[in-house]
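A, B, C, D, E and F are the chain letters, set down in written order, and residue numbers restart from 1 in every chain.
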Amino acid sequence: MPYVNIKITEEGVTSEQKAKLIEGVTNLLKDVLGKNPATTMVVIDEVPTDNWGVGGEQVSSRRKRGL
Amino acid sequence: MPYVNIKITEEGVTSEQKAKLIEGVTNLLKDVLGKNPATTMVVIDEVPTDNWGVGGEQVSSRRKRGL
Amino acid sequence: MPYVNIKITEEGVTSEQKAKLIEGVTNLLKDVLGKNPATTMVVIDEVPTDNWGVGGEQVSSRRKRGL
Amino acid sequence: MPYVNIKITEEGVTSEQKAKLIEGVTNLLKDVLGKNPATTMVVIDEVPTDNWGVGGEQVSSRRKRGL
Amino acid sequence: MPYVNIKITEEGVTSEQKAKLIEGVTNLLKDVLGKNPATTMVVIDEVPTDNWGVGGEQVSSRRKRGL
Amino acid sequence: MPYVNIKITEEGVTSEQKAKLIEGVTNLLKDVLGKNPATTMVVIDEVPTDNWGVGGEQVSSRRKRGL
């Protein structure tokens, strides 16, 4: 029954990579806690770099500075 | 003052259906807990089927298999 | 497959009231969107009144003023 | 290490305004709690007015009524 | 910079198991997306079984029925 | 109508500090976006250090190492 929410920046993540994240997290919850994969939900949110801040600065701005 | 977040897959939900969800949840909180509708907030997130996983698999992939 | 998160202040909500919220939201999603209750998840978060703010003020402080 | 999520309606917020929100929240956490800005994360979610409800009504509908 | 939120029922999860979840998710994001572990955050929420519903029913009630 | 969720580690934050966070975030949204404080909600979640991970490690473990 676990619910997992993964937030990452929207920077070209492929459908195949999303599939790997979903499979990986679901297996992790089965291996560590014995959770049933059938009822494990994973939701991936892709956030525009303008809308994500770290260090008090937008990621879009950091990317322009090569970070 | 309640805050409700509804996450559903992005599969053609109409504006009218969203209105019904918002009205229904707001009434439920009034009926069960006596919460004032004027300050009840509801946010609906529509998640692409590529970004939602259940059973360790993307919903987009499940849909192709007829699930 | 919907996921619903209900945030309310921690002010003596009973287990029976929680059961009604869970049942009501699940039925609403079935009625409006045809979602399968078996895979609808509802999580209720009870937030201490010191940790919830509205109007720039803690709810605990508002309660003392009779609001 | 704080994580802050700001949800607002999607109504023409500029990149510059987002930058101010990110900087402002990060400074607030430094000033009030001594949190290190380098590891403070802020995520802004812009929600379509059709998907946000208050008073049991969509914001899109309220806007049409001049609210 | 990813942020991951894991919600599970509050049923005796040990500190060691939490450590494994945190390490596992962080490694998964490094392996699949090349994300830097130093800035990956994971937050685990343990939800009382009275507050988690599935199938329109509290998990606490399901547990009593042996589910 | 904004909704803000602040997640911090549970390490002795006082009620007065919470009041300052709530007031500060509410004012920020008024100043930057013209949002009405009366309908701005702020929810603060205090997360046990065992349940928060960064760098693939629990914060509780980091604290023991003096970080």
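In this section, contacts are C-beta pairs under 8 Å (C-beta built on N, C-alpha and C of every residue); 3 or more make two chains touch, one makes a residue touch a chain.
This one's a predicted model, so the numbers in the text were calculated from it and none came from an experiment.
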Labels of chains that are neighbours to chain D and to chain E
A, F
Calculate how many whole Å lie between the centre of chain B and the centre of chain D, each centre taken as the average of the chain's C-alpha atoms.
20
Please output the residue numbers of chain B that touch at least 2 other chains, ranges allowed.
1, 3, 7, 21, 25, 39, 41, 43, 52, 54
For the protein chains shown, what form does their contact graph take: line, ring, star, complete or other?
other
Among all the chains shown, which pairs meet the touch rule set out at the top?
A-B, A-C, A-D, A-E, B-C, B-D, B-F, C-E, C-F, D-E, D-F, E-F
Chain F residues touching chain C - in the complex, by the definition given at the top:
15, 18-19, 21-23, 25-27, 37-46
Per the touch rule, the chain A residues reaching chain D in their complex are 7, 47, 50-58, 60-61
For the complex, which residues does chain C have touching chain A?
1, 3, 39, 41, 43
Residue numbers of chain C touching chain B in their complex, please.
1-9, 13, 17, 20-21, 24-25, 28-29, 31-33, 35, 39, 52, 54, 59
